[in-house]
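In what comes next, chain A is part of two complexes: it sits with chain B in the first one and with chain C in the second one.
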Partner chain A sequence: MFTLLQVELYKIFKRPRTYIAFIAIAGLIGIIQLGLKLDGDAYVNFVMSNVEQSFTFDGKLLNGYLVCYIILQLLLVHVPLLIALVAADMVSGEANIGTLRLMLTQPVSRCEIILAKFTAAAIYTLLLLVWMAILALFVSIWLFGTDDLIIQKTRYLVQLSKDDIFWRYVGAFGFALLAMLTVAALGFLLSVFAENSIGPIVATISIIIFFTILSTMSIPIFQKIQPYLFTTHMVAWKEFFDLKVNADNTALKGTLQNKSQIVQSAWILIAHIVLFVGVAMFVFKRKDILT
Partner chain B sequence: MLLLKHMEPIIQVKNLSKQFGDIVAVNDLSFTVPAGSVYGFLGQNGAGKSTTIRMLLSLITPTEGNIRFFGLPLQQHRKEIFKNIGAIIERPDLYGYLSAYDNLKMFACLNGMHPTHLQLMNQLEQVGLADRAKNKVKTFSQGMKQRLGIGIALIHNPSLIILDEPTNGLDPQGIADIRRLIVQLSKEQQKTILLSSHLLSEIEQMATHILIIDKGKKIIADSAAALFNPAETIVEIETTNNIASLAILKASKWQPHLQLNRGPNIFLKMHHDQIPDFNRALFNLNIQLLMLQPRHSLEDYFLQVTANSNSDTLILNH
Partner chain C sequence: MKGIKILWIAMVALFITHNSNAQDETALIEKVKQKLDQVHDYVATGRMKTDVAFIKAPVGNVKMYYKQPDNFRLIREGGISILPKGGVTVNLNTIMATKSYVALFAGNTVTDGFPTKIVKLLPINENNAIVLTTLYIDEKNLLIRKAITTTKENGTYQINMQYGRYSNLGLPDKVIFTFNTHDYKIPKGVTLEMDEPLTDTDRKKMQQKNGRVEIDYASYTINKGLPPGIFNN
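This part shows the complex of A and B:
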């Protein structure tokens, strides 16, 4: 199994396509950081203009933590598309070029192949998020420095003191990994049914876009189905950036406002991953290889 | 390495069937591949050869029947069995973005090997690709890919080699190289080889045993020696006037050899050694010959049994 995983990782990282996502993320984050470096204060003033009459801000509003939060909000919608490029190609891509039948004539079981391939896709996803964390968090801290993080929620502002932020990012990126693994598992499942890569890649992206739209629209009929869509739970990483307040309305450092929501969403995403990979394994074990 | 029981066949297939919806691709097929044989698996395109081979390699699940390799049932001992099998199914599709060396190393590792650089280079040398070891496979010709595919199939020194249409898409030199390699593997290394083809000429040059299938059913299975019986050679002749020539032959000592109503040309059955005498006789009888072509009885047999199959894909000419 370990050899098989090594082989799968070797194949992933030898392919030029793999690096598209890393380059795209670096490019997008670089552009956002450049824009905010050049004209960030104007952007922050514009965003905060409606609350500036009620509050006075002291300190560096545009800091590395805020830049990272902005980047996460913008990119975590698009990263699934990049993950689909690799995950949805894992089985179908090999079926398309014909190497799948050669693999299946080796002394390895189909279950091992599926597990190794999904683990390799998961490692790729992890590395993509680590890459994103390095660029979005550490490079932003280096470029913009650190200070308290102020986030505008729908009905209120949250201020997180700068010594209470880093662990929240660790949690948020960890949760984002679960969300992205769900996307990878979906792409992987669709990949098992197809004999070329385009179909499962487009299907994965379409499902993500479709479900995301349903998850975010505030139309009552859609709101009823929203708890059942995995895309609704993929954005629960934002709950790491909210904290409890006591009776005096004083923020309690190191707390999470809605911990149960995070835990529940995490379990729902894990259940989706297990379901998608389980079905992929079930189908693949019985699949006739005709290509 | 699996220890083969004395006289245990390498492959035993019993009542194997595969149905895709309403289409029966393989129908109640049974055969046995003896150890050390080059087993030719012959049939027209679409006869069910590739489906059968894919079932042998567990790429396709049979609808019915069972398969045993080295005396062990495939379903229960797949991994153990596959450590002793090297296979190429149709064309060897490899990872184009990897080098020949990397492709070979990867599949060696999947077979549980930890190959040294020397081992890998020796294997590439054996298939004539040592000088292209570091080149990406996407730059290779079809023949080179085929040779690399064979190198991969042999890297773990399997005792059984399964080759499905191994000369497809190759130029004459490539075909000759593959044939030479198969004969060498069989004679010098005592490998058992299951070789499928729609080319009778290819099978006849290498096979010690032959199985012919048509429309998924077994037509005949026997040793090549029995099937290519020289006493049963069919000779087809075309003359400047076939009707007059036939009348002359009917009145000659060759009359018992005539095979009537077989087509526009004249057919006779005789021992292969009689062909020079027959040729002289035609000259003496003043029959002006345009063409004389000897055929094995197998070819003749095959023509008969597949006469109604509306396919022209079985290449019978040498």
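This part shows the complex of A and C:
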């Protein structure tokens, strides 16, 4: 199994396509950081204009933690597309170039092959997120320094003390990994059905875009189905950046407002991963490999 | 004719009484001012608690800098301070820094258990940011227990003060600012959040239009000078 995994990882990282995602993320984060470094105050003033009617802020509003939050908010919608490029190619790519049949002549079970391929896709996803964390969090801290994090939620504004933020990012990136693994599992499942890469990649991207739109529209009929869409639960990483208040409306450091929501969303995403990989394994075991 | 004479005498008496009252209150204000003027500058430390319906902020340690006549700055130590616009800077010293004003007696009352005189302070200068201030003055101790200030641009503020260790200098141990707030709402499409059902407590909180900032002063360093450029930011 370990040898299979090594082979799969070798195949992933030998393809130039794999590095597109790393370069794209570095480029996007770099552009956002450059823009905020040059004209970040204007951006923050624009975003905070709603609150600045009544309040003034004294301190470094534009700091590394806020920049990382802005980057995550912008990129975690688009990173699934980059993950689909690799995950949706795992099986279909080999079917396309004709190496799948050859591979199955080896003395390993189809289940092992599927598991090795998915684990390789998961490692790729993990590395992509680690890369994103290094650039978005650590480089932003280096460039912009640290201070409290002020986040605007739909109904209120949250101030997180700077000594109460780092663990939240660890949690948020951990949760983001689960969300991205769900995307990887979906792309992987679709790749089992196809004989070329384009179909499953486009299908995965289309499903993500379609579900994300449904998840974010505040229309009553869509709101009824939103809890059943995995894309709704993919944004639960934001719950790490909300805290409880006591009876005096004082925020309590180190707390989470909706811990149960995070746990529930995490389980729903895990269930989707297991379901998608399980179905992929079931289909692949029964599939007549002709290419 | 006799009736007109009586009416004239009554009006003149009323004018003299009213004028002498205003004079008396100016004297009282001047006495309070003299007491506050003993403090040329101070650095104070304390803890600030913000209670606004749509803000979740932790209690933070703050440092306050004051220099005569009306320079004031509050800095949250190791963090960002969220302050009501123009509110916290409208402190006692800045109110009392108004040079030309009319002080009118408006009655007596009891504030926080102390007998106080209500004095309306009207700035003469039309360009003054403060339109009207109502002071609740503890005449015996020459302390302002409560002040309600209406400003041109930032609404009305109420400042309640509790005194202790530094009452001889007119510096409070605790200050509570109460102010008006605007509505707050950002579309879900912008924040990209999950839907959360509104509870009754949430609805009640959202209807609350007043905010409070409480500052508990821990220490004052008085008339020892200030770091250079502290009011520049």
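Assume the second predicted complex is superposed on the first by the 291 of 291 C-alpha atoms of A that agree within 3 Å, B and C clash if a C-alpha of one lies under 4 Å from a C-alpha of the other, contacts with A are read in each partner's own complex, and residues count from 1 in each chain.
Criterion: contacts are C-beta pairs under 8 Å (C-beta built on N, C-alpha and C of every residue); 3 or more make two chains touch, one makes a residue touch a chain.
These figures come from a predicted structure and were not determined experimentally.
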**Request:** In the overlay, answer first, second, both or neither for which of chain B and chain C A:Lys11 touches.
**Result:** first
**Prompt:** If you stack the two complexes on chain A, which partner ends up touching A:Val108: first (chain B), second (chain C), both, or neither?
**Reply:** first
**Request:** Using the touch definition from the top, say if A:Gln73 reaches chain B (first), chain C (second), both or neither.
**Result:** second
**Prompt:** Now for A:Leu229: first (chain B), second (chain C), both, or neither, which partner does it touch?
**Reply:** neither
**Message:** Looking at A:Ala24 after the superposition, I want to know if it touches chain B, chain C, both of them or none. Which is it: first, second, both, neither?
**Reply:** neither
**Item:** First (chain B), second (chain C), both or neither touched by A:Asn258
**Value:** second
**Asked** Who does A:Leu126 touch here: chain B (first), chain C (second), both, or neither?
**Response** neither
**Request:** Give one of first, second, both or neither to describe whether A:Met48 is in contact with chain B, with chain C, with both, or with none.
**Result:** neither
**Request:** Scan A:Asp58 for contacts with chain B and chain C and give back first, second, both or neither.
**Result:** second
**Item:** Greater residue coverage of chain A in the superposed arrangement, chain B or chain C
**Value:** C
**Fill in**
Residues on chain A touched by both chain B and chain C none
**Request:** Mind listing the chain A positions that touch chain B in their complex?
**Result:** 3-4, 6-7, 10-11, 14-16, 97-99, 101-109, 286, 288-290
**Request:** Would you mind writing out the residues of chain A in touch with chain C in their complex?
**Result:** 50-61, 73, 77, 147-148, 150, 152-159, 161-164, 216-218, 223, 226, 232-233, 235-236, 238-239, 242-243, 245, 248-253, 258, 261, 265
**Asked** For chain C, which residues count as touching chain A in their complex?
**Response** 49, 51-60, 73-76, 78-86, 179-182, 184-189, 191-196, 202, 205-206, 211, 233
**Message:** Quick check on the complex: what are the chain B residues that touch chain A?
**Reply:** 54, 57-61, 78-80, 82-83, 85, 87, 89, 91-98, 102, 106-107, 109-112, 149, 152
